[in-house]
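Two complexes, one shared chain (chain A), two partners (chain B, chain C).
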Partner chain A sequence: MKKVVDVSLPIGPLHPCFKEPARIKCETRGEFVLSAEVELGYVKKGIERIMRGRPWQEVMFLAERICGICSVIHNMTFIETVEQLSDIAVPDRAALLRVVVNELDRIQSHVLANFSYCYTIEHETLAMYLLNLRETAMDMLELITGARVTCAYMIPGGVRFDLRPEDRQTLERSLTHIDTEIARFTAMFKNGPLIGLRSRGIGILTREAALEAHAVGPTARASGIAEDMRLRHPTYRKLGFEPVVYTEGDNYARIMVRFDEVRQSIRLIQTCLEMLPEGLIRGGGSVVAGEATYVGEAPRGELTYFVKTDDYGRIVDISVQTPSIMNIEACAHYMLTGVTSAADVTSTFISADPCVACTER
Partner chain B sequence: MGDFLYEKDLRMMQYNILTSARHNGVAAAIAGHYGLKKQEVLRMMMERMDMILLENLPARYEVWQATGDAGDETERKLGCELISRYVPLADPQAIDRICADAKERIRKGTPKDEALSEGLQNIREMLRT
Partner chain C sequence: MSMIQSMKNAVRSRSIHVSYVNVGSCNGCDIEILAVLAPRYDIEQYGIYVHNNPREADILLITGAFTPQWEDKLESIWNKIPEPKAAIAIGNCPISGCVFNRRGSFVDPPVAKHIPIAAEVPGCPPRPTEILNAVLSLAPVVFKDYEEKKA
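After this line comes the complex of A and B, so read on.
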């Protein structure tokens, strides 16, 4: 007779499906997951402590080194926090260029997240297609900012480089290419019967649970929460931004939110290019003493910076709350509970797009 | 043979998480609410929560401040959902019993402040055991 036994199932800290080290400890009955815990602490950087006492000119480079996948939004949120506390205005052209670069970063981050998910559910073909497409977005980031990952593109009062006319044409061609390809890959994901079996109805995060754990970003929007910090951003408001929302709350919905947001980001960049006025890309202003809390929308959700500066522009105190903290917690304590197969633990975890580098900032 | 890295004692890492400004504020607020020492609260958190829950404490505390225990004044003052759901340091059933007891005492005519004070003391004792 088949036996069902209670098992403690440790996954990680090193696992082929994880990009970074984290340890999931599942308590299971047979393969049914009763509860899960996540242990971290393997790659803690202590970057907030490193930042304290340093001038903002150094901290802006440290901020984008919190995460290698969404470095642009760390740069943007830190700079916009500093601008808020110092009352520094940004020229219109620079504000739109910031959105262009930020959305390119979101595209590559979402495509990478969906690559990881497809790879985890063993759909390597679609995974490799997506990883290949990500390179187009990375190339565009490099074209505009001069770097693929740590771009340091945004500075108080503007951006560092303008968009040249020839680069604009290349960008428009690349966006069309990404749009066409992402539509094809979305259809592959939507219509794949095996993908559906591995994704639909698995790892469900209810709206109530998402609210309790303060889940954010695509993870929350896949559970019916229409919350997106871009709705509060003045430049995005001008672009008529509306969040993408699904209500199923399962792995499938989380991946589909990201696919839809990639296409939405393409539209946002195209709108920015149409609206891009001639003019300066840098205004004036200097960083003064003060403190401010500012929230930006990272690819994974709400990113909060609290910054306190002194008269010389040094960072006296800083605190960073990254979206992965909330999303990994929601994943470990709500999505994984009730998963019926141990094989779905890793795919459910990856569907929340966990970033351990952000979490262990 | 050395110990495995993933089996190492992570208490120092847990303590590092809790010493950040936002976490420190949450621990101080909970300690103040229930009349406990902050170090006691930190120890309870480290013993009863996994690391990702520790990391997420400030966000969960903010959610409780905004929406938790919204329906009932007694529950809000005792922080029933705070201590059992949003910052889960106590057994929800035991907290429900203490809360129901405090409401019953108020209904029978005990002054509200006295009943709440006793409720908070009961929660404090329960947290310490």
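After this line comes the complex of A and C, so read on.
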């Protein structure tokens, strides 16, 4: 009689599919995954320890180096926390320009996440199309902010550079290009039979499980939870923002949420450009003593900053909660349990878009 | 030059396998390495393949300031790579620790303390073209006439 042996299957920390080091330990029976555990701690640098006692001018640059993929939202959330605790008002033009840059960052982050997923399920054609499209979004970020990754575009009371009229035309043309291309790639993803075979019904996170695991961001929205921190942001409220929700909760839904959010971001930027008033991009104001908690919506979910400052604008205490830690745990305990093949473990893990650098800081 | 050496030179000039390891980076340099794969920069037209498997790699790209977890692991990854091999430090972090090299942090830069580094590409993060340029200019230096230079 054939003996069934329980196998402990370690994946990582260095794995061809992973951009970052993380270790997944799976307990399997044959190829059926019984349970999984994610081991972290490979990129722990202690950024919050360095931040304490430094002036905000330094912490601003440290904050955006928490994560290289979503550096703009870390910058934006930190600056808006500081603005909240010192009552600094932002001019209308600057508030809208912040949304433009933040949504461009979201576009490149979501396209990169979908690239990683397509690369993991070995659909290299679509992956390369997406990676090439991402370069257009990166060019636009560079055009507006002057840097590809670490932009440091936002400062308390405004933004650093204005959008010039000729740049605005280039931006509008690029957005139209991204829009038509993303529509084509979404159709490729939707109708590809092999993609469907590897994505539909795999790594299911039900609504109940998502609530229990406190999943956030696109992972939660793919499981039918209509929660998005942009709904509470004053500028986004003016733009008439509605979250994208899917109810299937599988790998397919998570990728489709990101595709739809890319197109939604393009609409948001276009609305911003239409509404963009003339005027100042920097107001006044200085950072005073106080403490505040502020929540922003990163490409991966809600990002919380707690900041406490003293009279000289130095950071006395700071703590950051990043979205990926919730999604990684939701992935380990709910999505990976019951995955029928070891080949789907990596693709399910990547579909939750884990950002290990964010998580460990 | 022996015939076998010239054959090896010809093969190696168009077949370089690259692996990358993140030893405590913020992901900024990692996504710039990924961007090199994009058809715009097209690293594969130079015969460079990114596989991220140390056992078949020729060049190891290292990003990030060195965190304690990698103390023994980075060296074992380095030992798994077959000769001839070279390591390139991408970004400021493996060179100096960049903004993370402050009192109170857990990092231990530079990476050159732990494994031999053949080239360094500074920048926070460097542009994809700079990464591509570093790989392309280092490869002939390390791989051309490797056996004859060793003997």
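One rule holds in what follows: the second predicted complex is superposed on the first by the 357 of 361 C-alpha atoms of A that agree within 3 Å, B and C clash if a C-alpha of one lies under 4 Å from a C-alpha of the other, contacts with A are read in each partner's own complex, and residues count from 1 in each chain.
One rule holds for everything that comes next: a residue touches a chain if its C-beta (ideal position, glycine included) is under 8 Å from a C-beta of that chain, and two chains touch if they have at least 3 such contacts.
It should be emphasised that the depicted structure is a prediction, and the values quoted were computed from it without experimental measurement.
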Contacts for A:G12 in the overlay, against chain B (first) and chain C (second): which applies, first, second, both or neither? first
More residues of chain A are touched by which chain, chain B or chain C? C
Per the contact definition in the header, classify A:G68: touching chain B only (first), chain C only (second), both, or neither. second
With the two structures laid over each other on chain A, which partner does A:E135 touch: chain B (first), chain C (second), both, or neither? second
Partner chain in contact with A:I204 - chain B first, chain C second, else both or neither: neither
Go through the superposed model and pick first if A:V38 touches only chain B, second if only chain C, both, or neither. first
Pick one for A:G46: touches chain B only (first), chain C only (second), both, or neither. both
Is A:V149 contacted by the first partner chain B, the second partner chain C, both or neither? second
A:H333 contacts which: chain B (first), chain C (second), both, neither? first
Chain B/chain C common contact set on chain A: 13, 41-42, 44, 46
Please output the residues of chain B touching chain A within their complex, sorted ascending. 5-6, 10, 13-14, 16, 20-22, 50-53, 55-56, 58-60, 62-63, 67, 85-86
Help me check something: in the complex, which residues belonging to chain C touch chain A? 19, 21-32, 34-35, 37-40, 51-54, 64-65, 67, 69-70, 73, 77, 98-100, 102-107, 124-125, 127
State the interface residues of chain A toward chain C in the complex, per the touch definition above. 13-16, 18-21, 41-47, 49-50, 52, 61-62, 65-69, 71, 112, 115, 128, 131-132, 134-135, 138, 148-150, 355, 357-358
So, in the complex, the side of chain A touching chain B is made of residues 10, 12-13, 23, 25, 37-42, 44, 46, 48, 211-214, 306, 317, 319, 321, 325-326, 328-329, 332-333, 359
